[in-house]
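Please find the structures below.
Both complexes shown next keep subunit A, but they swap its partner, so subunit B is in the first and subunit C is in the second.
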Partner chain A sequence: MQALLNGLIAGFLIALPAIALSLTYGVLNFANFSIGALITAGAYFAYFYNVDLGLHVLVSVALAGVSLSILAIVIERLVYRPLGDADHITLLVGSMGVAFVLENVIRLIYGADVRTLDITVSRPIIWNDLRLNNEQLVIVAVAVAAFVAVALVLKKTSLGRAMRATSDNPSLAEARGVNRRRIINWTWALSGTLAALAGALVAMDATVEPLIGTNYLISVFAATIVGGIGNPLGAMAGGLLIGIVEELSTLAFPTTYRQGVSFLILVAMLFLRPHGILGQAKIKR
Partner chain B sequence: MSRAGGEGIRLADLSAGYGGNDIVRDVTLAATASRVTTIVGPNGAGKSTLIKAVAGLLRPSKGKLFIGEKDITALAPAQRAAAGLGYVPQEHNVFKALSIDENLRIGFEFIRRRGGAAELRDARERVLTIFPDLGGRLNQIAGTLSGGQRQMLALASTLMPSPTALILDEPSAGLSPRYVRSMLDAVRAVNRAGVTVLMIEQNVTEALRISDDVVLLVRGQVRGAWPAGTFLDDPDVRSLFFHGRSDHDSQASGKERHHDASAA
Partner chain C sequence: MTAYLVSILTFVVLSAVLALALNIQWGQAGMINFGLAGFFSIGAYVAAILAVSGVDPVSSTLAAIVSTAALSAIVSLASVRLREDYLAISTLGFAEAVRLVLLNESWLTGGPNGIREIPRPFAGVLDPSSYEVAFLGASVLIFAAVYVLLERIIRSPFGRALRTVREDEVVAATLGKNVLALRVKAFAIGGAVAGLAGALHAFYLSYIDPTQFASFVTVYAFMAVVVGGRGSNRGLLIGASTVMVLLEGTRFLKELLPFMNAQQSAALRLLLVGVALILLLIFRPGGIAREYRLTAPARDDAPATAAKT
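For the complex of A and B:
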């Protein structure tokens, strides 16, 4: 049971960037490899506000979200926009470049040391032999709130409709008056925020070091594909599933194989159900 | 349907094509306000190229384009829509992942940015009186609709911001005979409400049934214009449609048709 609970918590941490990845894939039509580095950047933003500036940890998490959404728009302006209508492989390679640069800028500033946020240690909540600490509660609360917010934006606002329309049929969306630039900026801002939240929450739960995001890369991709790539709401379910399966796998295999399990799921999904567990092949006319 | 009655569409000396190669040359024609004008012509005549230039998907190499008195030559598709020109593409003309209601909303909200919720509701109500079929299933995902229903939705979405003029790229393409009739009847109904219609159509017989004026395009140039009633009486036209290689154009009504090979 404890493994299930831990898996669920880990799943929320995977789900946040998985939603981000799905959003950028849907609207921009390429697999954003820099998602890992964005998670890491989010963790360091949280560290900066929390330790360097001495702000409260929750305030720091929120500010990390804002900061990374702005940084994501800046990256879009500097890297992806100049690439213009390049094909998705070029954009993917571009995003790898972004990942290298981000990670190494972080190393340049903070070095490779393992750091921790300034959090007062509190006694975990114990209920029926299940342990749950405060940080984990925060993770669940923030992730659920972010999920509800994204779902509402996508389903209920004109911005969300425009994002889904652009993802579906970009040229028709433009003919309907949707401003593509604006949608792209919002997509980056939103996925930057989600990645930052994930990074900051990982930092709260564990440590801050330059590879924390990269360690999540395979799990996040697996979650996105399980949920049906380009389907942000499916990515949430995919994240939870991957989190739980990874955690349960540690009962049978050494924990170092955790990522391997995700990788196996990823490969199996691509073979068996490339459009996601619930997905179906695109309807062709 | 319209904001200020229909407005005419006028092409003046328009040339357009791909990669510096003009496919249509020096086309001058007018779709008179509040009438249905159909451009017909054999395969490869440049109908698709012409309609794309009018829609704004293709920048003309020469000439001008007006809606009413307004010069829209330099405007992007969305700006043309805001100027009152609605365009229904032949394919990929609905958002398949969105519901019918969302398709209708998105047809309205970014073109009529200042239109409030009440205006949106009115627009939807108005459009659904023409397409009652869509009204009962507003939450259905557009990708699950049949070809005919999808074509109806495409037209309905384009009508949401109350265009004064409408351009249609082969509204009956790929439809079963039953839907060809009801689709063109819907176009006629829209026009009766005052909207100017300019369309290209391969299905000449069906198109003539609802058209007021016909323009004949051959090898990228206008060969002439007729009132719809006398078009097929013209001996030139008859020889073109009933003796030339492209005679299937006029006989195709009700049969399986091929897509215009010149559509590229």
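For the complex of A and C:
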């Protein structure tokens, strides 16, 4: 049971960036390989506000979200928009370049040391032999709030409708008066926020180091594909599923192979149901 | 100084071999391999493990080539039916899985310590003082052989079919080409070359550990291919040299910015490589050399025939 609970919480952390990845895939039509570096950047933003500026940890998490959404828009402006006319393969390579640059900017500023946020350690809540600490409660609360917010934005607002329309058929959406630039900016802002929240929450629960995001990369992609790529709400379910399976797998395999388990799930999905468990079979090359 | 130059040149040639591998996968077949470092490391480890246990270097290298080719075929099979993004994802995942195995299966790979004292091939027959130069010469010959072989493949009907698949697979399928088989073969050929590069790397350094096969290896190879011109093998040597010049040339930054520690200046150099890659993609996506194309001699009567019909 404890493993199940831990898996669920790990799943929330995977689900946040998985939604971000799915959003950018749907709207912009390319797989953003810099998502791992964005998670790391989020963690370091949280570290900056919390430790360097001495702000409260929850304020720091929120500010990390805002900062990374701005950074994501800046990156879009500097890299992806100039690449805009290129094919999506070039965009993929470009996003790998972005990841490489971000990671090394972080190393340049903070080095490779393992750091921790400034958090007062509290006693875990124990209920029926299940342990849950404060940070994990915050993770669940923030993640659930973020899911509800994303779902509401996508389903209820005109922005969300425009995003879904662009995702389905960009030229048709544009012909119907959807402002593509605005949608792209919002998509990046939203996925930047989600990635930052994930990074900041990981930082809260564990440590801050230059490879946190990279360590999540495969799980995040696996979650996105399980949920059906381009389907943000499916990505949420995929994230939870991957989190639980990874955690349960540690009962049978060494913990160091968690990402390996995700990779196996990913390959199995690509063979059997590349459109995801929830998605429809409309995936084409 | 000569020793430094020889070792730099050897690294350039080895990275050019790796770039050749990427260029047939990405350049010719349009298949993205973000896990190139993983295949490269498998080549190195297979060759190293066999050589340490007493197998002769040539057979070890062949085993490295065969195993990376086979693994490449298997990995590409999972996603060749889908859009390019999926291959990029699964190769990246593959590289990560390989890295985990290298780090954790210490009984086989030495874990984080890697493998040391890999016997240098033909060290007995060669004079130790000129060994480095001989290795460089051998690497150049191997590069040339791979280059010629790949050029032949590229110019063969197989190569043309491959580019057709890259540009439009429906057209290729309509012309009766087996798209799936073409893709898997192209990826396996690239994998074989990556394995060869890995084996050479292991023999050259004579010790390997997982840090040598981090993602920057993949980034360098992409950089070399982008500089040299996607699809063009001719530009690759220049591409690989440019990357090396960028890496080595930025060493002076350390003197220029003395307040930085070694880690920071290393990060700054990698950062510059990343920025250069992005700038190239934006401003010179075609690189410096053009891809090989069949050109027909101009026909004198062409306008006349056109006018008649």
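Here, the second predicted complex is superposed on the first by the 282 of 285 C-alpha atoms of A that agree within 3 Å, B and C clash if a C-alpha of one lies under 4 Å from a C-alpha of the other, contacts with A are read in each partner's own complex, and residues count from 1 in each chain.
In this section, a residue touches a chain if its C-beta (ideal position, glycine included) is under 8 Å from a C-beta of that chain, and two chains touch if they have at least 3 such contacts.
Here the structure is a predicted model, which is why all the values come from computation and not from measurement.
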Looking at A:S167, would you say it contacts subunit B, subunit C, both, or neither? Reply first, second, both or neither.
first
Go through the superposed model and pick first if A:L217 touches only subunit B, second if only subunit C, both, or neither.
second
Could you figure out whether subunit B or subunit C reaches more residues of subunit A?
C
Considering only the touch criterion stated at the top, classify A:L92 as touching first (subunit B), second (subunit C), both, or neither.
second
Touching A:L266 in the superposition: subunit B (first), subunit C (second), both, neither?
second
Would you sort A:G177 into first (subunit B), second (subunit C), both or neither based on which partner it touches?
first
Where on subunit A do subunit B and subunit C both make contact?
283, 285
Touching residues on subunit C, where the partner in the complex is subunit A
26, 30, 32, 34, 78-79, 81-86, 88-90, 92-94, 96-97, 100-101, 103-104, 169, 215-216, 218-219, 222, 226, 261, 263-264, 266-268, 270-271, 273-275, 277-278, 281-282, 285
Spell out the part of subunit A that touches subunit B in their complex, as residue ranges.
158, 161-162, 164-165, 167-169, 171-179, 282-283, 285
Which subunit B residues qualify as touching subunit A in the complex?
55, 57, 76-78, 81-82, 87, 89, 91-98, 102, 105-107, 109-111, 113, 143-144, 147, 157, 174
For subunit A, which residues count as touching subunit C in their complex?
25, 30-31, 33, 79, 82-83, 86, 88-90, 92-94, 96-98, 100-101, 104-105, 107-108, 111-112, 214, 217-218, 221-222, 225, 229, 254, 256-257, 259-260, 262-263, 266-267, 270-271, 274, 283-285
